[in-house]
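Next up, some structures in structure tokens.
In what comes next, chain A is part of two complexes: it sits with chain B in the first one and with chain C in the second one.
Right after this comes the complex of A and B.
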């Protein structure tokens, strides 16, 4: 993901801002890292460049 | 709605693997991701006629990323969202900025000029659904509106002033109930396109906030 995606995303639980912690970048894009809600502290993973902003109770719910 | 085998819309051939055998990962993604069909095309055609360059757009349930890609070709700054991790990966591989998210829930208030959604809408018996990702891309629950209703409940929040939401619905999904749900959420609806098929009519509705 590109950093400017932060302008449009928010915590799905309380709609507050997310803080980016990038652990791996490539060509200016964040490949791996986390997004943490500045209000409730919930941590959302970024893997393979895709942020997973599902609410925690939906994160592990996965058919097939 | 058909299964839509026409997955040859990417220029780089990453979806259909035209320039070689697709990797197992790609193949698995294609099998578990709804590929663009008549409904996707009807929605995209209606939207690209109306979207303006530089507008910020969100394609909910982006699947393969087709509608988002069409909006980007039209000059919009479109991102995709999907529940399905295979869909997220496939859309990302075709160059769409993508977020794994439930409908509009992970997006800021007023962030978009345009929101689009080609939802799962086939009415399905409850014991038959949610078996796999493809089923999930097709099934709209017992009344066909299991994904449409929560979309309509939240979409006004993410629209900027003057923004519009475009929703594909089928005659199988009780379009009057869809419009009533939109009205209850402060949205006015307008039918902007329709297409008849043997067992259903596909419709594209455009919603704007009633207070505008």
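Right after this comes the complex of A and C.
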């Protein structure tokens, strides 16, 4: 994901801002990292360049 | 269903996600082209920010990306989002992607000028969740924003029912294995009623190819 996606996305629970912590970047895009809600502190993972912004109770992998 | 709380006896959001995670690759190959109703809605429209809820492989997100400065495709299924990511890279489209739930959108309020929410609402397993997702669409649309909501309906030739109902529709994978997908098939009055119940106003309505389509805006 690109960093400017933060202008559009927010916490799915309380709709507050997210703070980016990028651990891996490639060609200016964030490949791995986290997005943390500045209000509730919920942490959303970014993996393979795609943020998982599902509410936490839906985040666990679905059964195969 | 082990990963998610189900609403009563109905299927869970998790089971719909598991199905699409499983069929994503094959499903994507059969969903090459945008729907003409979506193209017609987008004709002449543009904006700063666009949103495709239930973007699947991104075939409609691509159209939004062409018309708006920025576009975001959101889908419940990780594997579907992955197909959109691959497809957009292959085709040179530049838009954002996120794994997200339609009834709790991770999108800022009032920032979306142009939205597409087609073939997704019927997968939400209860009326409460379906109306909640329409409320979410109302929340994220800008004051002048418009979105197209499209659902499979009882007007389709394959259904005999005249009132909306829950069903499962099989997806057959190469090799013959079938995977069920939950659908709520809308009747047109019910579609209008769910939109009226939400924070959206229905601006235009049509039935086309067995689907109900509504152009919506936030309630004034």
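Rule of thumb we're sticking to: the second predicted complex is superposed on the first by the 62 of 64 C-alpha atoms of A that agree within 3 Å, B and C clash if a C-alpha of one lies under 4 Å from a C-alpha of the other, contacts with A are read in each partner's own complex, and residues count from 1 in each chain.
As a convention for this text, contacts are C-beta pairs under 8 Å (C-beta built on N, C-alpha and C of every residue); 3 or more make two chains touch, one makes a residue touch a chain.
The structure presented is a predicted model; accordingly, all values stated were derived computationally and were not measured.
A.B. asks: For the overlaid complexes, name the partner, chain B or chain C, with more touching residues on chain A.
C.D. replies: C
A.B. asks: Go through the superposed model and pick first if A:33 touches only chain B, second if only chain C, both, or neither.
C.D. replies: So A:33 meets neither chain B nor chain C here.
A.B. asks: When the two structures are overlaid on chain A, which partner does A:57 contact: first (chain B), second (chain C), both, or neither?
C.D. replies: The answer is second: A:57 touches chain C but not chain B.
A.B. asks: Would you mind listing the overlap between the chain B footprint and the chain C footprint on chain A?
C.D. replies: Residues common to the chain A contacts of chain C and of chain B are 1-2, 5, 7-12, 15, 48-55, 58, 62-64, listed in rising order.
A.B. asks: Quick one: in the complex, what on chain A touches chain C?
C.D. replies: 1-2, 4-5, 7-13, 15, 44, 48-55, 57-58, 60-64
A.B. asks: Would you tell me which residues of chain A are touching chain B in their complex?
C.D. replies: Residues in contact with chain B: 1-2, 5, 7-12, 15, 48-55, 58, 62-64.
A.B. asks: Enumerate the contact residues on chain C facing chain A in the complex.
C.D. replies: Contacts found on chain C: 1-5, 13-15, 17-18, 21-22, 49, 70, 72, 74, 76, 78, 81-82, 85, 96-101, 104-109, 111.
A.B. asks: Would you tell me which residues of chain B are touching chain A in their complex?
C.D. replies: So the residues of chain B touching chain A come out as 32, 56, 58, 79, 83, 85, 88-89, 92, 97-102, 105-109, 111-112, 130-133, 135-136.
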